[in-house]
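Next up: the structures, one after another.
Two complexes come next, and they have one chain in common, subunit A, joined by subunit B in the first and subunit C in the second.
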Partner chain A sequence: MSEFATIFWVLAGLTLMGMASAWTGLLLSLKGDVLSGDVIAHGVLPGIALSFIGFESKEIYYLMPGALLSGWLTLEARDWLVRQAGIRSDTASAMALSVSYGLGIVGMSYIRYGGKGSQSGLDRFLFGSAATILPEEILFSSLLMVLILGIILFKWKEIFLIYFDKDWARAVGFNPNRADRLLTLMTLICVVTGIQMAGVVLMSSFLIAPAVVASIFVRHFYQRVFFVALVSAVAVFAGSWTSAFFSNMPTGPWVVVYLSLMAFGGMVWRRIFRHSV
Partner chain B sequence: MASNEIISNALEIHSLTVRYGNTIALHQVNASLKVGEMVALVGYNGSGKSSLMKAILNLTPFEGRITAWGKSVSEVLSKVAYVPQRAAVDWKYPATVKDIVSMGRYQPGLFTQRTSSEDAKAVDSAIVQAGLQDLQHRMIGELSGGQQQRVFIARAMARQADLFLMDEPFAGVDMKTEDAIFDILQSLQKQGKTLLIIHHQIDQVIKYFEQVWKLQEGKLETGSVEAILGQRNK
Partner chain C sequence: MMDALWILITACLVAVVCALPGSLLMLKRQSLMGDAIAHAALPGVFLAFFFSGDRSPAYLIPGAALSGWGAAQLSSWLIRKQNLGSDAALGLVFTFLFAVGVILISFFARQIDLDLDCVLYGDIVWIPLERFYVDTTDMGPLAVWILSGTLLLFCLMLWKGWKGWYLTTFDPLFAQAIGFNIGAWNSLLMGMVSLATVVCFRSVGSVLVIAFLSVPAATAALYVRQLKTQLIHACLWGVLSAFLGWVLALPLNISVAGGMACASAFCFIGVWFFTRKFLPSYNRSRSKSFG
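This part shows the complex of A and B:
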């Protein structure tokens, strides 16, 4: 594949992943549970390791079911800790994600030293490697992203209502639990498709950072829907350009750097102009 | 005769008991609300006021039977409007006054929510009735406590319901706003709506209401303000 074609595919895949993650993160921020993105991102690692041990393949199609299951179980464990043990949500999130990440690292070590073949290639799930992604994997990710965009398009009003006032929503017949499940599914899909580009550690930035930047610059949810997509696309473009221009520069981390710069710039701008959003 | 009585009542509560583990919040409560009545529900903190309202709305498990116009409340949910406590939500939510009032028109069970011209009219009418015309495009986080309370009432009015259940709509508002909110409630009553309103300040109940439900240690007394609170309306 030519260098231009590689850049095009990386850019297309990252843009789609970035925008869908940004929208999902925006909905998570409405729910007041952005940490669940981080929990799921770290929670998929044991599933990836176990799937690799089972199938001995690094292709996303083989790793995805295990990653989805493991990410979901980690989030369930977090919610169980909150419900049954009465632990605060942020503490439970920290516990669940660190335990799951630890298990994932144990699995990766077993693969590396336990004679299960080369771990090379699995590292991209830890740190992300947008350049190694294949066009068919981007196509697969794109279809999942279209699914997420469809959910947002048709269900955002219901989600908007439910996360403003869950008791009221229940009182008039809506089902907040169903909205929670839908949002969990969207987060899982975003994380699992995005993790090979961004890595478990940085994936939560793709979810959270655009919503943070948007909350600094614009106030209304409708404006934020457009703004997070714009922020995400600009960061992806800038990150990809930096990665292509300077050799040995990773794309995902640069995208996160640009997202952080935008958030920091926004905060300075708000401070200077005393503009409260 | 008995069935006629049930249908003439907007709300009937029979032998209602609510438990939280081993604690009994409400014990064998019986009460009814006639169509067009406006009743204050009073009681000390922890007396079970919110539990009663949550049981009516099926938000908490209960024993006994609750009906609205002779049917289970879940069958007539579209005719029931709920105004929760203002402190129950995050007012920094990225929404305008009109967004929140519009939520009153959303219907559960639809693939997607669309806004018809009838919905738009109901929302505009609720905004006008609640006196929020000048604030309708304002972000909800910029509103005062009284204005936020009126947004909740407008959202309930947009449902065009017949039974209103309100959890402390007067909490934390100044006297002027209190009068304004009471005017809204009175106009709802004049339209034939039935209202059950949790209130914690007895002097205001005496000022504004004629009928009262008093909860004490999980048991309910009902009657006129004079009979239950021992004071006449001012």
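This part shows the complex of A and C:
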């Protein structure tokens, strides 16, 4: 593949992933549960280790189902802690993500010491590198983005009602749990796709930062839908350009830096000019 | 055999050092601070290494702890002045600082020799290798000395400021009304947490730190009703998890830190089951301020 084609594919994949996670993050911020992305991102590790032990393959098609399943189980464990054990949600998040990650580390060490081969290829799945992206992965993330956009468009009224006024939504006959399940599914797919490009830690920023920037500059929800996509795309372009300009620079961290600078800059701007949106 | 024992001693110290601020964090609903600080310490680690050119903990621990403490202050500013939700503020700050750290390290990767894995995400197996020397006498692993010093400092802080910790944790409004400076106490707690996080993740890795900050505290909070008992029992559950993880991991030849995180989860589930089965009145009469 020529250098230009590589840059094009990386840019396309990152842009699509950024927009999909910006929309998911917007919905998550309405729900008030933005760190569920972080919980899932840490929670995928045991699934990856187990899939590798089971299938002995580093192909993404084998690792993905395990990652999705264990991310979902981690999120369920957190919700169980909140509902059944009466733990507050922040403690429950910390417990679920650290124990799940610890379980994953146990699995990884079993792979390393138990003669199951090297875990080196698995690191790529976790720590993300946008530069090694493959065309079929871009196809996958564009499908994902179309899916999320479709959900937002066709479930517009439901999402809007449920996350702005849960009680009223319930009173007029919508089931809030269905929307929660749908959003959980979107977050799961988004995070599992995203961590291959951005890494476990930085994935949260792709979810959180665009929604924060949008909340500073625009007020209406439908404006925010366009605005978060714009913010995300701008950050991805700026980040890719920077990492192409300096050699040996990782793309993901630069995108995160631009996203955060937009958020911090917007806050300073709002404080100086006393705008309240 | 001596090495395995040193590993156990280190893990027990880590458990206690984490359980003390972890309990306070849980009561103040800021448990995720440990997660955030562990990641946000990266630029501090880099700067300390860059300016001192030395990998010794004398520079790395202050650098990392300052950077983590700064992250905590920044996110609490975002929460107070920008009306950001506490989880969004944390997520924004720690990803930003982690990204800055990664960029700095990859920018100077050719000049300096700083390996992320070995500096930031320590491994408990290497504990006995890094020794502490007075003149030329071998005084045991360095991490044990650092952790004991931190533990002593924490005990002193808790003992001297007991009334302040007590009041600002349970009734901040009342504490403020009678003249306690809430912001100062909160940033003192953040200093404690970032010191604990930094000191511990150098020896056991960041995952075990987050687990030991949250899980033993939550285990104790399932049945405890008093702050003093909460702190003591959280330490005990932490030590027990460390011991169980050590017993499990060494013969099975798996990661010790991961095993300890899993063991703490077993303890939590066991205690939850026990209180639910045998102390149902405890669950019914749960006051809002605990757990």
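Remarks
Throughout what follows, the second predicted complex is superposed on the first by the 274 of 277 C-alpha atoms of A that agree within 3 Å, B and C clash if a C-alpha of one lies under 4 Å from a C-alpha of the other, contacts with A are read in each partner's own complex, and residues count from 1 in each chain.
Following the convention adopted for this analysis, contacts are C-beta pairs under 8 Å (C-beta built on N, C-alpha and C of every residue); 3 or more make two chains touch, one makes a residue touch a chain.
Not measured: the values here are computed from a predicted model.
A count of residues in subunit A touched by subunit B and by subunit C gives the higher number to C.
When the shared chain is aligned, subunit C comes close enough to touch A:102, but subunit B does not. Contacts of A:155 after superposition: subunit B is touched, whereas subunit C is not reached. In the superposition on chain A, A:256 makes contact with subunit C only, while subunit B stays out of contact range. When the two complexes are overlaid on their common chain A, residue A:73 makes contact with neither subunit B nor subunit C.
Once the two complexes are overlaid on the shared chain, A:53 sits clear of subunit B and of subunit C alike.
Of the two partner chains, both subunit B and subunit C are touched by A:32. By the touch criterion defined above, A:167 reaches subunit B but does not reach subunit C.
Overlap of the subunit B and subunit C contact sets on subunit A: residues 32.
Of all the residues in subunit C, the ones that touch subunit A in their complex are 26, 29-32, 34-35, 39, 78, 81-82, 84-88, 90-92, 94-96, 98-100, 102-103, 106-107, 109, 205, 207-208, 210-211, 213-215, 217-218, 221-222, 249, 253-255, 257-262, 264-265, 268, 272, 283, 286, 291. Subunit A meets subunit B in the complex at residues 30, 32, 154-155, 157-158, 160-161, 163-165, 167-168, 170-175, 215, 219-221, 224.
Residues 57-59, 74, 77, 80, 82, 84, 88-90, 93-96, 99-100, 103, 106-109, 111-113, 139, 155, 159 of subunit B are the ones that touch subunit A when the two sit in their complex. Across the complex, subunit A meets subunit C through its residues 29, 32-35, 38, 81, 85-88, 90-95, 97-99, 101-106, 108-110, 113-114, 201-202, 204-205, 207-209, 211-212, 246, 248-250, 252-254, 256-257, 260, 263-264, 267, 270-271.
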